[in-house]
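The structure appears right after this line, and notes come after that.
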Amino acid sequence: MGKGRLEAFSDGVIAILITIMVLELKVPEAGDVSDDLRHLAPVFFSYLLSFVYLGIYWTNHHHMLHLADRVTGGILWANLHLLFWLSLVPFTTHWLAERHFAAQPTAVYGLVFLFAGGAYQILQLRIIAAQGKGSRLRQAVGRDMKGKLSVGLYTVAVILAFVNVPVSIAIYVLVALMWLIPDTRIEKVLRG
Amino acid sequence: MGKGRLEAFSDGVIAILITIMVLELKVPEAGDVSDDLRHLAPVFFSYLLSFVYLGIYWTNHHHMLHLADRVTGGILWANLHLLFWLSLVPFTTHWLAERHFAAQPTAVYGLVFLFAGGAYQILQLRIIAAQGKGSRLRQAVGRDMKGKLSVGLYTVAVILAFVNVPVSIAIYVLVALMWLIPDTRIEKVLRG
Amino acid sequence: MGKGRLEAFSDGVIAILITIMVLELKVPEAGDVSDDLRHLAPVFFSYLLSFVYLGIYWTNHHHMLHLADRVTGGILWANLHLLFWLSLVPFTTHWLAERHFAAQPTAVYGLVFLFAGGAYQILQLRIIAAQGKGSRLRQAVGRDMKGKLSVGLYTVAVILAFVNVPVSIAIYVLVALMWLIPDTRIEKVLRG
Amino acid sequence: MGKGRLEAFSDGVIAILITIMVLELKVPEAGDVSDDLRHLAPVFFSYLLSFVYLGIYWTNHHHMLHLADRVTGGILWANLHLLFWLSLVPFTTHWLAERHFAAQPTAVYGLVFLFAGGAYQILQLRIIAAQGKGSRLRQAVGRDMKGKLSVGLYTVAVILAFVNVPVSIAIYVLVALMWLIPDTRIEKVLRG
């Protein structure tokens, strides 16, 4: 069974999520420039962070599926499971901005990425299992220490949200940067 | 006439529906944790249930179209008819959550899935008819007892909504589980 | 230049339009059943009518592009022009329902379909021109009396909206039925 | 690595952006015709302008990707960077209309297109770099004076917004017209 529709459907969902968030950018009440900026800054920051996160998930998904050969019913549902957690991102982003980075929404924001990260791991294992021995995806990601480290960092950040919000947010930014910068494992396998 | 655009359009519509529902998850007013949870729990539950239902429709549609050979004008419209009923799901989901599972929205919620289930049956028959004798889809679904049972269960749940809402909701969950677990008829035909 | 992206983009826009309309279906205030129905009936009717219209545009677009060979810059813009008018449909549908079929929104509703119909004719002529002599699309649609009749009927309905709204609405329903029923010109050319 | 998913994802995002803007067209309060028109005119104008701009970005993106051979991680992110700025267009369009073309939103409106224009240039350079010597895209766009001129005009318009709004808006319209009319550089390379 081809992977075309799985890719197209996932692209559709992520494209919608990444653009739907903008609906939550409310036009500021008429005021002076500094008022507008003070109002918009946290909203814009959380929008940017979530945009980058969804972008990371999309590029990683893109690369991972590139190495997948065939799609089983189990993979379809593991993918829907991932999309479910990602679909909550506009909601948690909005919550984070609306409450100006209070402890609770900061924790929930990370919790959703924790579950999304776990769902991504499950999808990856499903694809590797479907490929059997000599799986190219297994070869590319190895034991996926980076994926597991992200899930660990999310967990720390969720707990820290109730202690120190800025540190928690800093961890979310750190994980994003970690994925933004050196993302070439799969491209290496393809070239090799 | 190719089935590519039919698949792409259906994927687009279902992807939008599945993500548009999240717009109805309203950020809770600032309150203590238990207040937030009490507010969010029914909304989250109905969102999850509808997400799973739309996921089921998407995977089944994916499998069914996989066995379709060509697309006629009749199939295009039977597909649009199915999408029409599915397009009402965000509305009924929102209604269900907003009114905290009152009798009337519980019935309407099931009614829309009853019509969607019927529309799915019609689409299936249209594709089988277009394939003529020896239809692979007919071979895969047989008399589609599972599809017919679902339609029957929806009917029961809609009526029961006015008698006992929890039983009605339990039936919706049951039908979802029934489709989640053993969904391998078409994959068997493909392998065979 | 391939037509794949043009089709995909148009599918995306129409899929979004057809589903975005549902966001305007507002959950009725808690009331008795007949109140709910009286509130929802005009909204539901206008939603259904617009869904069918967008469905018609999508299937006709699907058929027309099927006969197109290549895509020029002019065709891209003629297509965007069509999508622009169609993109106003959720707005006019909402207006129609909100104002309970008052004269003005009834006229504007038709006006947008009048412009969309004109845009469709322009797109058709562009594709025929790009195909040059022996155009298969020209062969299929002939002088496209049906398309021209629709544009004429829209014009009549827009004017009649200020005289008699029900007659105007009846014409919109009539045009929709006219396209729903015998839509096989292009399929004949493909078979022949 | 294929460019199919990059195109599909970009198409999805731009299709959503172009249609999501319509959600901001609010149904006018019941009033006489001239009231409605006075209310709707600025909203409609800003909607039309942004629709044309997004249409231009889409057709240019379409043409540019047509000449791209392969997609690297860097190109994926340069593309997401472009989509990020474009994703702010519904917000700035809404702001512009809501505040009836005040100085500040007029400047922000142009600022987003300035960044989008810059992001487009970066994406173009990335694709040219990936193609190496004899790049067909380089051949088609040359030094891309038109792209650079647009970025310059945006800068002027952003500054002028605080001096004279109509002139600033006129520049936005001018840049749009400049791209609408003679857009055949890439088609020439393809034909040659």
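Letters A, B, C and D mark the chains as written, and numbering starts fresh at 1 in each.
Definition applied: contacts are C-beta pairs under 8 Å (C-beta built on N, C-alpha and C of every residue); 3 or more make two chains touch, one makes a residue touch a chain.
Everything numeric here is computed off the predicted structure, so don't read it as measured data.
Chemist: Farthest chain from chain C, going by the mean of C-alpha atoms per chain?
Modeler: A
Chemist: Since chain C and chain D are copies of the same chain sequence, what is the angle of the rotation superposing the Cα atoms of one on the other, rounded to the nearest 5°?
Modeler: 90
Chemist: So how far apart, in whole Å, are chain B and chain C when each is placed at the average of its C-alpha atoms?
Modeler: Averaging C-alpha atoms per chain gives centres 26 Å apart.
Chemist: Nearest whole angstrom, what separates the Cα centre of chain B from the Cα centre of chain D?
Modeler: 37
Chemist: Residues of chain B touching 2+ other chains?
Modeler: Residues 8, 12, 16, 20, 23.
Chemist: Mind pulling up the chain C residues that touch chain B in the complex?
Modeler: 7-8, 11-12, 14-16, 18-23, 25, 27-28, 30, 33, 36, 48, 51, 55, 58-59, 62, 66, 180, 183-184, 187, 190
Chemist: Touching chain D in the complex: which residues of chain C?
Modeler: Going through chain C, the ones touching chain D are 1, 5, 8-9, 12-13, 16-17, 20, 23, 72-73, 76-77, 80, 83-84, 87-88, 90-91, 94-95, 98-99, 102, 104.
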